[in-house]
Structure formats: structure tokens, C-alpha cells
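Labels for the chains are A, B, C and D, by order of writing; each one numbers its residues from 1.
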Amino acid sequence: MFPILLSIFFPIAAGVFLLIRYRTPLSGEKRNTDRKALLLLTGCFLVITAAFAVAALLTGTGKDGFILFNLTKTLPVYFRIDSVGTLFSLLAVIVLPFAGFFSFEYMKHEERESRYYGFYLLAFGVLNGLCFAGNLITFYLFFELLTLSSMPLVMHSGSKEAVMAGLKYLFYSLCGAYAALFGIYFLYRNCDSLTFTAGGALRASAVAEHGGFLLVTAFVMLLGFGVKAGMFPMHAWLPTAHPVAPAPASAVLSSVIVKAGVLATIRVLGMFGTNFLRGTWVQTAWIILTLITVFMGSLLAYREPVLKKRLAYSTVSQLSYILFGLAVMNETSRTGALCHVLAHGFVKAALFLCAGAIIYKTGKTRVGEMRGIGKEMPLTLWCWTIASLGLIGIPPTGGFVSKWYLALGSLKSGLPVFDVLGPVILLLSALLTAGYLLPLTIYGFFPGADYDYGSLQKKEPCKLMIVPILILTILSVLIGLFPDIIASTIDMAITGR
Amino acid sequence: MGQNLFANYGEAVSAILFCIGFTNLLLQTNLIKKIIGLNIMDSAIYLFLAEKGYIAGRVAPIVVDNVTSTKAYINPIPSGLVLTGIVVSVSVTALMLSLTIRLYTRYHTLDLDEISTQLKREGK
Amino acid sequence: MNFICNFPFFSILLSLFSGTICSVLPAKAAKVVNRAVIIAVGLMSAVLLLYLLSTGEPFIYWMGHFPAPWGNEIRAGVLEAGMALFFCMIMYLSMAGGAHKLPGEVVESKHNLYYILVNLLLSSLLALVYTNDMFTAYVFVEINTISACGLIMIRQVGRTIEAAVRYMIMSLLGSGLLLFGLCIMYDLTGHLLMSNIKESVGLIMANGEYQIPLIVSVALMCIGLCIKSALFPFHAWLPDAYGYSTVSSAAILSSLVSKGYIFLLIKIIYRVIGFDIFNNTRIIDVLFVFGLMGMIFGSLSAIKEKDIRRMIAFSSVAQIGYIYMGFGMGTQAGMVASVFHILSHAATKSLLFVAAIGLTDVSGGSRKFIDLTGAAYRNKWAGVAFTAGSLSMVGVPLFSGFISKLLFAQAAVQVEGKMLASLIVLGISTVLNAIYFMKTVLRIYATTDEAAYTGITFRDMKAYAVTLVFFILLNVILGVSSQPVVNMIEQGLAMFA
Amino acid sequence: MIILVILIPFITGILVPAIPFRKRWQKEVFLETTVVLNSILVWYLLLHHSDSTFLLAHFTGNLNISFRVDGMSMVFAGLVSALWPFATLYAFEYMTKEKHENVFFLFYTLTYGVTLGIALAANLLTMYFFYELLTLVTVPLVMHTLTREAVLASRKYLYYSLGGAAFAFLGLIMVIVYGSTTDFIFGGVLDPAKTAGKTNVLLLIYVMAFMGFGVKAAVCPFNSWLPQAGVAPTPVTALLHAVAVVKSGAFAIIRLTYYSFGTDFLKGTWAQDVVMAVVMFTIVYGCSRAVKETHLKRRLAYSTISNLSYILFGAVIMTPLGLVGALTHLVFHAVMKICSFFCAGAVMHQTDRHYIHELNGLGYKMPRVFGIFTISALALMGVPGLAGFISKWNLACAAVESGSPLAWGGIACLLVSALLTAIYMLTIVVRAFFPGKDFDYSTVLDIRDPNWKMLLPLFVFTIFIILFGVYSQPIVDFFMSVAAGAV
């Protein structure tokens, strides 16, 4: 119980502490400019939080769940660790500290760093809460808080575009959250409790009575949470928010925070039960949407010249791989989906950090300008290349494993049309992925004969930046090398506990 | 209906006269004509009363030759009413005429609408 | 026969006689006589009222001791005595409230004439209230008209003379119709005393002969009195007459003269035709419709008005509409409400006229709203009084207007076909009332450049202020302890039958 | 005892201009003490109430002015008396910049008494009486600055309120005539024997009376007075136009619906559908206008319009759960909105800035005020863990429970409105904290947080927002028992 609570509330408290302690001085106050102390504190806090979270996962105290307090009699704030939660928590625990360390260097020249770190910690705590939430209300609580605490990260630079992008992110997310809330109200009425239970919590009598309306509700909820996961037609916030946010924030946003939408979708499926939804119009509609997103995202990314925006579109596309896996609703595809959560998480974090490093060092944002970058920052670009391969799905990276399962699941599903169409589109999209990721490698290492080698400078970033990138890249390869460990965890996730 | 009208021609005439007087009083713009209308209207009513009070073949209710039977005389009350009414209408007419004089000395016209427009022009 | 039974006769005679006396007295003495007579009559009426309440029986007083059907009669019941008392109170207060303005409004040499007219008016009103003879009623209606006309034109300005002429013309039309109707009635029944006519009317209705002439005669009388009391389409004369005459005249005219006619109409309805017979005619529907229209259009005209006195005058049109609506309902409750409204409107409207003059005085004599800005600060008493009057008109609880509204509404609910119409019009009319009265109230409390005018203190206008206080008290008493008054009205109406 | 709590503010109010205070603080102490004492008295009264009715005066017939404490009165009187002392404290500081202080405090304190009168009224007539009175005593407050704007606003306020009361009056008449009594009895007082065959007329009148009382609760299309009335000093706008006055409208509607006409009579009729549709429209309309509005207080006023209709939405669901939702939002919204209004007032008082585009960068200069503003904004949006979530949850659950598709549509309205709330509230917050890169901080150099008199109420309200958000069980339980007619 305590590790869970600590993993949630310690970072929140720490974040608030940073916000207050290092706030912008009022007129007449002395400015507190001790940057080193701030970084040190942040670093410690990040590590401690991660430690708490790992402890919570390892000790297994949260398996039985516990109620923290009751909002009202029927609305407990309830925490429980299950395997899906474990998986997502694992991702957060790994990505967030490293991206945090990366920021130490990256944020050097930004104003109001304390605000960034404060909200960063807040978001960390909230993410932990999200993963450990044991019922829908608790989940919703942290879901809202996640939006609110990550919004300042997007807006951080304070430029007009950033503020507008932050607001766009906020309103899209809230729109989705409220759509989901609509469903929660009805679930509350038609379930015995809002606690996550395997195989659906709907009352049989309710299903019999207004099953049709419940299907609508389910669809609304899937759409609503889908906003966070960038599902078409509500994906537009992603490509706006990512380019303006600081790179480490984009990394976290893209690799972890948007996964909250995926987690939410899994929870919704859990509440309704796949048996209730399988074969209904809801499934069909959902699959169509995900496939559109997969293809469209890749296509847009392919046409996008700005690097970070290209990555954002890529995220849109990749997340819908996961959603597609969930929408097919059989075990194989689900395994694939969960695998892809991890794979994409590590890869995308690595990619964004690479992009960040490049931008930080060279100030170039467009792919076209980055000719010859491999000569200047070879290590960074190697990492980029390896991670890219993971995303495209070249064995032995993690991406290959997950896409394999996805395609397999789809083919096994027996759905009309989509059992084949799905894998075809996934393949097409993978081709496009190669098309938009690899040019940087190619032009970076092979700038062409007319490239002016004379102006080359050594621009490899410092260790604080390169080490996180390296680790994340290695991880993305590792999960491909040892898929068994992952698969067994995921199997556990599917079977229930 | 037609028969009744003919039989009570006096009343019918007085009603018509009343209407004539009424419309004159209401619609004429000239003050003097209005007052004439007023008098026609009042007279019509007196005619009506007199017509009602008179019974053919009887005499005025003044006792002569000690005939005390009520059958011999007409009803004296309508006549009394007519007298009272005349007094009232005379006084009212007098008041109206005096008002007319005042207005005429001020505005040099007898047309009520004209007076109104002049008043509006005065703005008070 | 008890001595008290002489009081009605005494009061009529006293006021007539004092009128004659005043013509030879100097102005000061005339004023004293006038006041004394009003008080004396008021006292007599009060004693009479107490006597009647104690006996519980109305009595008939034979003028000159000729028995019916030959003699002339006076009849006194609770309602008559109460009305007489109330008329005296209002008249006294109105005279007192306008007294300080008199020198400015009327030529010095004509002051005693003014008091003659007032006395004459009082006597005719009393006669209208007490008489049991139709023709006497007609004669006093004319006397009333003449004296009212005199009161209007005593202030010698172009507008008042013109208004007097218009008033005269309309009144003459009305009284002509009344007289004609009366003659037909006499023709049909052969009687002039109300009680005797009623018997004959009963017979006529029972026989079925001469019904149409009877209805025609009733209609003629009704229309005649409606014209004289300024029911909606016949109100053209009213704003000028009330708007430009002296203060006391306006107060008396609006609150007493028209009410005298209305009271006569009530008597005709109850004592001559019979309540039930009257209600079976279509006439009440006509009265009802015109009452409603009066309520709306009177208020609309008032809203458009830019002159405070004319606005109050137009408001009278609306209020008379209320009274006729009560008649139109054709129930006992409606009648009670109407009678109560006669009282409440009389008390309120004279208050408003008197208060308005206080406000215009401190605004350079201008009656335009724009000049009244902030007047309530310059003359606080008048401001408060005007506010109280307005609130009563709008129907705020604690003031008399609320009770009449309450009674009207309660009465309306009991009438099947007319309920919705009357309730809705009542609501709309309240809104309209609120608009123009509250506009004025806010205007007089809005700020202004106070240096432009000099304020008035209590010391400058003791009599005036005291009058206002009495007026307000009267309003509040009617509003708070209305039950005895209502009981009295019910008792009085019962005595009519 | 009951009459005392209504009279004390009256007397205090009248004494304020009458006593020649030598120093300002003496007046403050006097006022604050009496107000606090009165509030304590009210709470004592509520906690030790008996069922007896206190008859003050007899009107005509069976109509009288009388007072009684029942569940609803406890909710409203408790709310009002809890907020008033803080608002008064806040007003002391705020009014240092305004003129005619004595007149202000006279009417401000009078309003306290009148509002308590509404809360404690035992029958419809008494409530109507105080309802009218409330309009009258608050008009001078709206008019306070005496600018042209203020006069126009107060004129509109008067027209609307009195006009509304005129139609509410019709409802009163119906209850007098068709009810067995005018007293408030849970479940309604209409006499079935009398109403037979007159159902439709009664329903029509109910709709009219609803709209009539709805004027004060700013139901569309009778809402335009509220934003205009924002010209009043902020303590007035905050306390009256976010709590006392507008909630009186909602309170009156609840009384009318649950205690006079009765839900048995109204539920499932066309009248319910009509009023629910109106309310739903208002919810969305108010929010949309708030988004468009650029003046800070007016934006909050539009937000109030929308939120009041949340309360009414709960009320017109006409189930006990709906009433619970309405009551929860009645209380919680009061705290949230007064908090955000006080923040707005603090900004205006400290900086003289009234429009939202002028708020750029103030967040760093007034961190406490804007921090609290952020919390109240989040609460209004309905973020879980803060008060707004609980009330919206109760409302939505009641709507789901009622099973009527229209009410389900209402949930959608609630959610759309929540999104719009986020837009209009958070843009302010974002402006304050993210003024843009090229923002010139020298323009906000001398601005700082207000002193403790203003901050203390803010902090207290914030604590309550959070407290209600995380631990609302006892109070919701209490509402449950009220809604079951048990108290």
C-alpha cells in the first residue's frame, strides 16, 4: 500500500514543492538562481519516485487492492496493481527518469526551469496513479490530472504557438475525457461497481434491457479515450503539440502520456467485456477508424518536412497499431498490441530524444537541413537508425515482434474483410514508416558528393543527453531479442491477474 | 317590429334625434356645433320623456273640478324630470359656452383640433 | 329612527351648503371651512360605519318622509359609509398635499372658488354614494362633472382649458347615454327608485317580455359610466386633464371622481339590475375584454410617456382596466377585488400625484424625466413616497397593490373561461407597471449634479411631508391588514342585495 | 428566535448609517461582529431546530407570514450564513476604493436578513414576500456606483425580477386556490379533488411560475440582467449574483416544484419536458456566451448562468436523486463561484484591470490569487477531487437513473458545458501564467497580492472546495435525507 501511495504522492508533493520553492520571485524578493540544487533535487526526486514505483511493482502489496478514501459512499478512490498496469507502469518508470535526465541539459537555456521540472514530477506521479488505479473513477481522476499536469509542459516555451498548442491539447483531451465521462455515468448505473474486473462488469439484466444504448455508450467512450491516443478524427492536437514542446517533453508525451489513452481503452474494454462488443457495429467502426489512422498517419508523416512534426504523425499512426490490435479483440492481437506499447514507447522516446539532441545542438528543425548530420553526431544518428528499424519492424527489434503478433491475430480473427485488409494496411504503413524515418539516416551519413566537409564540427551532445538515448535504444532492441519475457508478462495480463 | 316602430313614432324620432346629437357632439370639431349637438341630444331625451309621460286624452295633473281619480291625469313625474333635465343641460351648456369663449379669446379659433395643434406647438 | 341615520343626508347637505358659503368668504376662511367640512363629513361617515357594522342592517332614509315609490330616498349600508369615509380621507390628504402649490397654480382671487368646487365635488360624490334614486344620481353625476371640470380649468393655462373642454365633451357623451338608458329603464319599469326598479326588472326577466330594451338600457348606462370613468378606449381626455391641472385636482380627479362613477355602476349592477341578471348578459364579457385591453394599452402608453404626471395619468387607465376586469369576471370575488382595488388605487394614485409634484418642484418645475434625475435626493420625502407608491402599483407585498392583485388573481382562478386570459394579462401588466414605475424610481435616485438645484429639508414642507407619511401609512395598512377591509366589502356587497 | 436572525441584520443595517463611527475600523468591527454573531445564531437555530412554525403576521384568508426550519431551509440558510461573514470581511477591503460606504453596508446587511427570510419561510406567500423584498434591497447595491451603466443595469435587473415575480405570483395563486395549504410540505400540497380536470392549466401555470422564479436563476431567455448587473461592486456580484440572489431563484423553484406543486403531479408531464429543455438550453447557452465574453466579471456571470441551470436541471429531474444533485450543486457551486468572483474582485481591486486580455502575466505577480483562481476553475470544470466533480456526478447519476431520454441528453449538455467551462476558465489561467515570450514584465511591476482581509476568505473557500471534493459523504448524506423528505 505505501509504496503505491508514495509513488503517486511523493512526486506530486515534490513537484508542488519545486513549484513553490523555485517560483518566479515577486517584486522585492530575491531571486533564487541556484540551478544546481534544483537539478540535483529533481534528479533525486525522479530516482526516488522510480524506486517507489518499482518497489510497488515488486513487493506485490497492491495486488489485492485497497481503498484510499471515499469521494462519496459509492465512489471509492481505489488502487490495485494488475498486470496491464504493471506493463504501463514499467514503461513510465523507465522512460520518465531518462527523459528527465536528458532535460537537464536540454533545458539549460530555457526560462522558468523549475516550472518545467515541477510539472514533470507532477505528471510522473499522476502517471503512476493512472497505472495503479483500480476502478474507473480513480482512473478518470488521474486521467484528467494527467492532461492538466502535462499541459504546462507543452506550453513551456511560452511562445504564442506553444500556448495555442497547449490549449488545443487541453481542449481535445478534455473533450475526449468528457465523452468518456458520459459513458462512465451510464456504466455506473449498469454495473455492480466500477472496479476493473476481467471479462466485463455489466449486469446481465442491463445488457438485456438497453444493450443498444450501451453499445452507443461504449463507442462514445472508445472515441473519447481515443482522443488521447490520437485516433482519427481527433488526432489533430498531436502534430500541433509536439513540435512546440521541449523535446524531452515530446518524448514523454509521445511515448508514455498518449499511452494513457491506450490504457484507458483497455480499461473500457475490460468494463464492457470483449464478449459484449465482439461482432457488433462498434467493433467494425472502431477497426475502420484505427486503420484509417494507421495509414493516414504514416502518409502525413511521409509528407512532413519538420522533423518533430513528422515524429508526431508517426505517433498517430503507431498508436493506432495498438488500438487496432485491441479492436480485433483476440488474444494474439492483444499480445501484439501490448508488445507494441512497450516497443513503441522505447523507440519513440529514443527518436524524440535524438531529434531533441539534433535540434539542441544544431538548431535545425527540418529534415532537409540535416544533410550530413551523421558526420557531426554519429552516435546520435546511429541510435536514431537503430530505433527507426525498431519502429519499421525489422527483426530482431521489438517492433517486429509486436507487428508479427498483430498481423497474426488479425488473420486468425475471422473477421470479414478486415482479417486480411488489416495486415495489408499495416504492411503498407510499415513501408511508409521506412520511407519517412530512414531518409534522415541516409542523408545524415551520405550527404552526397557536393557536401562541404570542411565546415564539419564535432557536435556530439554531452553525456547527460547521449546516455539516455543509448539506454532507450538498447532497450528497444532488447525487448526484440528477448520477447519471451515480455510475452509471458503480457500473457499474464491477458489471463487476468 | 315595424308596427311597433310606427306606433311609438315619438320614441323612434327621439332616438334618431339622440343619435344625431350624439354624433355631432362626438365628431364635430367646431365647438359651437358640438354644443348644438349637445342640446339636440338632451332635447331628444326630453322629447322621449315627454312622449312617455303623455297619455292621449288625459289632462295635465292639476286638480280641477275635484276630479281626483288618477285615470284622468297624465303622470306628472316625467314632466318633472324634463324640467330638472333642462336645468341641468342649461347649466352645462353655459359652462361649455364659457369655456369656448376662453379658448376663442386665447386661440382665435373654434376648431378643437386646431387648438390642439397650437397647444402642441406651444410645447406646454 | 336613530339620529345617526340622518348623517348621510347631513353630510351631503353640509358640503353643499358650505360650498355656497365659501363663495362669500375670503380664501383663507374658505380653506378652513373646506377642511372642517371634509373632516366633519369624514367623522360622520365613520360614526355611521360603526353604527352600521353594529346593527348589520342597511337603512333607507326617506327624503321629506314620502314613502316609496313616490319619495326620494337615501340608502346607507356598510359599503356606502365606508366609501364615504374613505373618500373624505383621500380628499383631505390630497388637499393637504397640494395646498402649498395652490398659490402658484391658481390666481389669488379665485382661491375661494376653488374651495367651492371642492365642496361641490364632495357633496356630489356623497350623493352618488348614498342615493337610492336613479334620477338623483343622474343630476349629481352632472354636478360632479361640472365641478370636476371646474377643478381642471381653475388653473388657467391653455392646456387645462382644452383638457376641460375635452373632459366635458366626453363626460357629456357619457351622461347623455346614461340619461337615455335611464329613461328607457324608467319607461320599462315605471320607477326611479333603485329597489323598485329591481323588482320590476326581476319580473321582466321572468316574463321574457321587453328583455331586449332592458338589455339596451343597461348597456347604455354601462357605456355611459365607462366613458365617464375613462375605461380604455374612452380615455383620450384623461392624460391632459390629470396631467396639467393642479396637484390636488389631479389627485382628487384620478382617485375619487372616476371612482364615484364606478361606484355608481356597482350600485346599478347590484341594486338596479341585480347581480345575477347582469352576469347573464354579454355586457360583462365586453367589460372584461376592454378591461384587459385597458390594462395593457394604458401601461404601454405610460411607458412611452416622457412626462411624469402624464405617465401617472396613463397608469390610471391601466388601473381602471383592472377594476373593469374584476366586473367582467362576473363573480362575487371579482367584485370584491374590484372594490378593494378602488380603495387601493385611490390611495396609491393620489399619493403618486402628490409625491410627483414634490419631485418636479425641486427639479426646476420640469416634469420631464431627464430633469428629474436625482430628484429624490433633493426632496427625500417625496422620493420615498413616490417609491412606496410605485411599489404598491407594481404589487409588492406589504403594500395595498399586492392585496388587490392577490384578490384579482384568486377571483380569476375561479372563473373557468376567463382564468388564463386574466392571469396572463395580470402578469404582463405587472411587468409593464414595473417597467415604467421602476424606471422613474431609478431615475429619481440616479445621481446628478446636485449643485444645480437646491434641496428641500423637512422644515420647508412639514405639512407636505406629514401628508405623505399618512398616505404611505394608508397604503401599508391596506396592504398589511386587509382582512377587515375585505370583510367589510363583502358585508357591504351582501347588504346591496 | 427565528425572527431574530432575520431582524438582527435589518437592525444592524439601519444602524450603520445612523451611528456616527469615528473611525473606519470601528464600523468594520461592529459589522463583522454582528454578522458573525448572526451566523452563529443561524447555525445554532439550524442544529437545534424544532418542527414548530413561527407565525409572524396574518394576511388575508388563510395566508400568513410564518417561518419554519426544515431540510431545505437548513441547506440554504446554512450556506448563506456560512458565506456572509467572509464576504463581509472581503467587502471591507474592497470598499475602501468606493464611495457611499454606509449606504452600501446598509443594504448589504439588509440583504442578509432578507435572504435568510427566503430560506426560513414556512409557506409560499412568505417566501414570495421576501423574494420581492430581495429584489428591492439589492437594487441599490447594483446601482451603487451610480454610473450610467449601473443605472441601466439596475433598471434591467428590476424589470426582469419584478416581471418574473409577477409570473411566479400566478403560481402562488394556483397553490392558494388548488392546494390544501400554502405551507411547504415535501411532496406538494395540491389537492387532487380540486385539481381534477384542470391538470393542463395547472401545468401551464407551473411553467410560467418556473420561468418567473427562473428570472432570478437567470434561465434563458431571461438571463441578460445578470451579466449587466456585474457593474456592481464585486462583493455584491460575488455574494449576490453568484450566491444569494440567484440561488434564491433556484431555491424558490425547488420549493415550488417539490414542496408546493409536488413531483407526483409534475413528473412525466409535458411541463417537465418543457422546463427541462429550457434548462438544458441555458446550460449550453450560458457557457457559449461565457466563452465569447471578454470582460472578466461578465464571463463569470455567464458561467453562473450556466451553472444555475445545472441546479435547475437537477431539480426538474424530479426524483429524490435529482434533488440531491441540485442541492449539492447549489452548495458547492456557491463556494466555487464566490471564490472565483473574489479572485476576480481582488484582481480588479489591485490592478484596476477588467478585461481578460489585460490579465497577461499577472499570475506571477499575484500567485496566491491566481493559484486559488486556478483551483476554483478546475473545480468548476469538474475535475475529480474537487467539489464540482461531486455535484456533477450526482446530477448526472440522477439523470441516468431517471431513465428519461431527455435527461440523458441533459448529461450531454452538462459535458459540453464542462468542456466550454474549461475553455473559458483555463484560458484566463493560461493567460496569467503564460503571457507569451515577448511579454513586457515592466507593465506589471508594482502589482502584488491583496492583504489578508481579501485573502482569508479566498483561502477558506479553497479549503472548502478541496474538502467537499475529497470528503463529501456527510453532507451528501444530509442532502439525501432532505430529498427523502426526512428532515
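Here is the rule we use: contacts are C-beta pairs under 8 Å (C-beta built on N, C-alpha and C of every residue); 3 or more make two chains touch, one makes a residue touch a chain.
Since the structure is predicted, the reported quantities are computational estimates derived from the model, not experimental observations.
Chemist: For which chain is the distance between its Cα centroid and the global protein Cα centroid smallest?
Modeler: Answer for the innermost chain: D.
Chemist: Just the number, please: Cα centre separation of subunit C and subunit D in whole Å.
Modeler: Roughly 43 Å, centre to centre.
Chemist: Go ahead and note the Å separation of the Cα centroids belonging to subunit A and subunit B.
Modeler: 103
Chemist: Could you put a whole-Å number on the gap between the CA centroids of subunit A and subunit C?
Modeler: 83
Chemist: Where the CA atoms of subunit B average out and where those of subunit C average out, how many Å apart are those spots?
Modeler: 28
Chemist: On the basis of the stated criterion, which chains touch which? Give every pair.
Modeler: Every pair of chains in contact is listed here: A-D, B-C, C-D.
Chemist: Considering only the defined contacts, which subunit A positions touch subunit D in the complex?
Modeler: Per the touch definition, subunit A meets subunit D at residues 23-24, 26-27, 69-73, 75, 137, 140-141, 144-145, 148, 152, 155, 157-160, 162-163, 166-167, 170-171, 174-175, 178-179, 181-182, 185-186, 188-189.
Chemist: Residues of subunit D touching subunit A in their complex?
Modeler: Listed in rising order, the residues of subunit D that touch subunit A are 364-365, 367, 378, 381, 383-385, 389-390, 393-394, 396-397, 399-401, 411-412, 415-416, 418-419, 422-423, 426-427, 430, 433-437, 439, 445-448, 469-473, 476-477.
Chemist: Sort out for me which residues of subunit B touch subunit C in the complex.
Modeler: 18, 21-22, 25-26, 31, 34, 38, 41-42, 45, 48-49, 52, 77-78, 81, 84-85, 88, 91-92, 95-96, 99-100, 102-103, 106-107, 112, 115-116, 118-119, 122, 124
Chemist: Sort out for me which residues of subunit D touch subunit C in the complex.
Modeler: 57-61, 63, 125, 128-129, 132-133, 136, 139-140, 143, 146, 151, 154-155, 158-159, 162-163, 165-167, 169-170, 173-174, 176-178, 201, 204-205, 208, 212
Chemist: For the complex, which residues does subunit C have touching subunit B?
Modeler: Its residues touching subunit B are 135, 138-139, 142, 145-146, 149-150, 153, 156-159, 161-162, 164-166, 168-169, 172-173, 176-177, 179-180, 183, 186-187, 192.
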